[in-house]
Amino acid sequence: MKLGMIGLGKMGLNLVTNLQNHDHQVIAYDLDETARAQAAKVGAQPASDTTELIAQLATPRIIWVMVPAGKVTQSVITELSQQLSAGDIVIDGGNSFYRDSIAHSELLATKGINFFDVGTSGGMAGALNGGNFMIGGDQDLFKTIEPIFQSIAAPAGYLYTGAVGSGHYLKMIHNGIEYGMMQAIAEGFDVLEHSEYKYDHAAVADMWNHGSVIRSWLMELAAAAFKEDPGLKHLQGKMYSSGEGKWTLEEAIRLQVPTPVIAASLMNRYRSLEDDTYTGKVVAALRNQFGGHAVDKK
Amino acid sequence: MKLGMIGLGKMGLNLVTNLQNHDHQVIAYDLDETARAQAAKVGAQPASDTTELIAQLATPRIIWVMVPAGKVTQSVITELSQQLSAGDIVIDGGNSFYRDSIAHSELLATKGINFFDVGTSGGMAGALNGGNFMIGGDQDLFKTIEPIFQSIAAPAGYLYTGAVGSGHYLKMIHNGIEYGMMQAIAEGFDVLEHSEYKYDHAAVADMWNHGSVIRSWLMELAAAAFKEDPGLKHLQGKMYSSGEGKWTLEEAIRLQVPTPVIAASLMNRYRSLEDDTYTGKVVAALRNQFGGHAVDKK
Amino acid sequence: MKLGMIGLGKMGLNLVTNLQNHDHQVIAYDLDETARAQAAKVGAQPASDTTELIAQLATPRIIWVMVPAGKVTQSVITELSQQLSAGDIVIDGGNSFYRDSIAHSELLATKGINFFDVGTSGGMAGALNGGNFMIGGDQDLFKTIEPIFQSIAAPAGYLYTGAVGSGHYLKMIHNGIEYGMMQAIAEGFDVLEHSEYKYDHAAVADMWNHGSVIRSWLMELAAAAFKEDPGLKHLQGKMYSSGEGKWTLEEAIRLQVPTPVIAASLMNRYRSLEDDTYTGKVVAALRNQFGGHAVDKK
Amino acid sequence: MKLGMIGLGKMGLNLVTNLQNHDHQVIAYDLDETARAQAAKVGAQPASDTTELIAQLATPRIIWVMVPAGKVTQSVITELSQQLSAGDIVIDGGNSFYRDSIAHSELLATKGINFFDVGTSGGMAGALNGGNFMIGGDQDLFKTIEPIFQSIAAPAGYLYTGAVGSGHYLKMIHNGIEYGMMQAIAEGFDVLEHSEYKYDHAAVADMWNHGSVIRSWLMELAAAAFKEDPGLKHLQGKMYSSGEGKWTLEEAIRLQVPTPVIAASLMNRYRSLEDDTYTGKVVAALRNQFGGHAVDKK
């Protein structure tokens, strides 16, 4: 199929390559010229702006948006709502908040433009070689774009998930689970690191990936990371987060579903970004007040 | 190789079958006659007690113990310490606490008997078709028993982990990670279950196993479980636990390693075994005291 | 001073009594006629609707709103914005979300009406005999209404907290702390309840209130509750919550401040409202899948 | 009464002063000569070793031990078991683990020496002016020593709690509650510290202590600490811990009582002692592996 791709960052460029490798024809646009050149190298046809990108596609057009969630996505969607025609299809493959996606769908619908919210998982490797896609939007129209996913997804790695918003909603929950799994794995290795036994973490992770209950892609990545840098001595333990773990917790709170592990994982990420905490100072001050316990002065 | 197997429960019997399928010769003993008969069916030679089992093996004997951790294991090890000869090898493949294993090793060492503590993962399917084994004990002597693991482990699914105790220690941590991963997965599906979208959980789990970041054996098992009983309507949410998640938390506390997710997972398991909590009653009583908030009477 | 009170529920009626006891003159309105009659009994002048209430007050009027947070408060504020005059003062003493209070302030400001958001603590007893008040709004104008708080607060029990919103914000955080403190106290007694020692919980709580580090009003309430119903046998452990603990967690997430204890407290409240959990079912199903572990069927 | 005091640290010395102020006569011993001199200043009679201390007391002797829990306490108790006579009374007022206290009681009982385990709360100020005491041991014999507690406890601030061990057990739980309460208070102020409103924390804590639901001695100490050092700028947030919060969690685990808040409080203390975590490094490494997410290098 012929489709447009807006956004040629790490994920977008890999998706373009994946699409081209599967004989789709991509008109590719990014603000960054270098990115456009890289897309051209893998066979895509670069466009110098969205107007040119749109002009290269016959109606009904299919345009995949792969830009940072939030303001950038909103700005691109708004622009497309002004430039596209009724019957065209916009796919947001980014990490948008599902309520934003519903709003985007409603905006586009005022012009008769169709919208799919697509949660994308599998990381950069998946985008390139076979990713994982959760797809919300109109069920009948989904058939039109399904061949794209048949090409670029891992075998059996896509699912039509229901009404608009359901794709990004599911991706949000996916990331909430991911936060918990990563934290669980990391805590386990942290205990190992402090134990009297001296384990080879790369060998342990590798062994666990061959037949154990906790074998998983994350454990494979752990094995790879430990191989590259045993002891992870060159890293700081700063655990940044995009929005999706946070949204999962907010959604759990909204629905009053207890998710103590996802909550603890997120809390721990925030904690990792601080060198010291006011919480700690207050507790230290209280201990000093009642017990004369020594405090560490600055 | 020829070896003895004491304990023919779910795991032991599958291990016997696995061993026999790989041309090892097992002398099999269990208190339960039916279990012995089942072992005989897969080609093992049943023994009616440990004395007979021992008599069937030439020195240096290899005996795999696969019985419940704690008192039963201790009793079997003690018995073997009295019956075996110097140079014999005892393998504890159960879920023993690593400090117990060190004690067992020391007990056997007084008679010159060798000991390996082997953490076994992979569940019943793994025991039957290729499991995952973490092996602590003497490094040189390990070569003697390595052929066993080459046969019954999943490819690359075993590791010599160091001094005695290190195998069961690693299995303990493995289970701590497992608790966290399971809880994370479960919380995610709990939010999905309460959301306004109506997802097919089996389809979601299956899709996630094809290319997503959270693909894992546990997610495969989730897909299978949702397929068997969509909505899990026939199950109660009681989360029992053997000792290993608990030990992981106790070890983390001992080492002062923060493991909030493993802690929360264990707390949640205990919570699931109670219909109501005294904690909840106290909070309800306090709210009633200061705010006149309604309480649910019994 | 002369002031209006809208809302004569548990808190509102006690405040009216407190105000009347301190020689203030209250024009009191509530939808419920019985509540109005009760207000009359303590010396307030009942009004049959807000129009009548407003008519009884000379400008600049002072009206205290003490109705359920959310829609009811919003509706009352909107009505007042249409009926009051420039220079009048509206006080929201309820548990409103601080951003709502900012919006209410802005709405009233369009008519020149002043607004104070007042977080109220101390429970029903405090409302009656001396409560605790956190007051946001215009600092100069605060002097006009300060005599009210000098009368009805516990000695030193009120604080001007800054710009509008800061009063309800502080009350929100107060409740977040309260959730954590209550849960901590409750967990302690839960362990005591399960221990081999048989403690008299009322006596323990009472003793702790006399000189211990954890002496507190909540512990006094615990002593009272245990005295009334040793073992709390007539209560269910359902821990309901109004919005403020939830908002505290949401605010912590917004600010990326790790608050694991407040998060765990809220999670535990939600958990208490469910008889069984889907999370638990998923974990039970997974354990059954890999280990053949017994599950409790329904 | 006349009694011996072994251990003249911060707590012991204050207790001696408190006892002397109430017309008890203390024979005081500490390894440190300066401490003995300080005891003499408040009217106690210093002893240069335990033999001398014992010699100054008539049978049945009463000796209060107030030394660090663990090895020091054990060593003092062992020494006393060799030097005292049947009918004498040993009181351990320190923070001993309750199982140790049971063992100490059994050791002393072999010589007919009596033992009370006394949990002491209220901090240094309490030890000096009226503390809080939880007392386990023989109920009849308790009457003999009760006058001591009538003198040195805050009014109504002591309780006979049952069989030996029950005093230190209750103190353990007291500290578990304390950990949770302190963490809850600290988290609340941490959110305040990060909020857009600029609160005066000392004023807030002070106001909350006058009539709010969360008024408590810990909040009074918070007010004092914020007054001394607004912003706590001279402190590091290292939250050290003695053993009792840890033991509370271990006891909760043993009894399978879910205590998520006490667990999270302890985890947070351990976290505060580390500048960086291996957990964080593993999560950062995983994010980098799958998403190419930037990591902070060392």
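Think of it as A, B, C and D in the order they're written, each chain with its own count starting at 1.
Simple rule for what comes next: a residue touches a chain if its C-beta (ideal position, glycine included) is under 8 Å from a C-beta of that chain, and two chains touch if they have at least 3 such contacts.
All of these numbers come straight from a predicted model, not from anything done at the bench.
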item	value
Distance-maximising chain from subunit B - centres being C-alpha averages	C
Distance between chain centroids, defined by C-alpha means - subunit B, subunit C (Å)	48
Where subunit C and subunit D are represented by their mean Cα positions, the distance between them in whole Å	34
Separation of subunit B from subunit D, taking each centre as the mean of its C-alpha atoms, in whole Å	39
Multi-chain contact residues (two or more partners), subunit B	122-123, 183, 185, 187, 190, 194, 213, 217-218, 256-260, 263-264, 267-268, 271, 277, 279, 290
Chain contact topology (line, ring, star, complete or other)	complete
Subunit B-touching residues of subunit C, taken from the complex the two chains share	10, 122-125, 182-183, 185-187, 189-190, 193-194, 217-218, 221-222, 224-226, 229, 232-240, 260, 264, 268-269, 271-272, 275-298
Residue ranges of subunit A touching subunit C (in the complex, touch as defined)	213, 246, 249-250, 253, 256-260, 263-264, 266-268, 270-271, 273-274, 277, 279, 290
Contact footprint of subunit B on subunit A as seen in their complex	121-123, 126, 130-132, 134, 153-159, 161-163, 165-166, 169-170, 173-174, 176-181, 183-185, 187-188, 190-192, 194-195, 197-199, 203-204, 206-208, 210-219, 248, 251-252, 255-265, 267-268
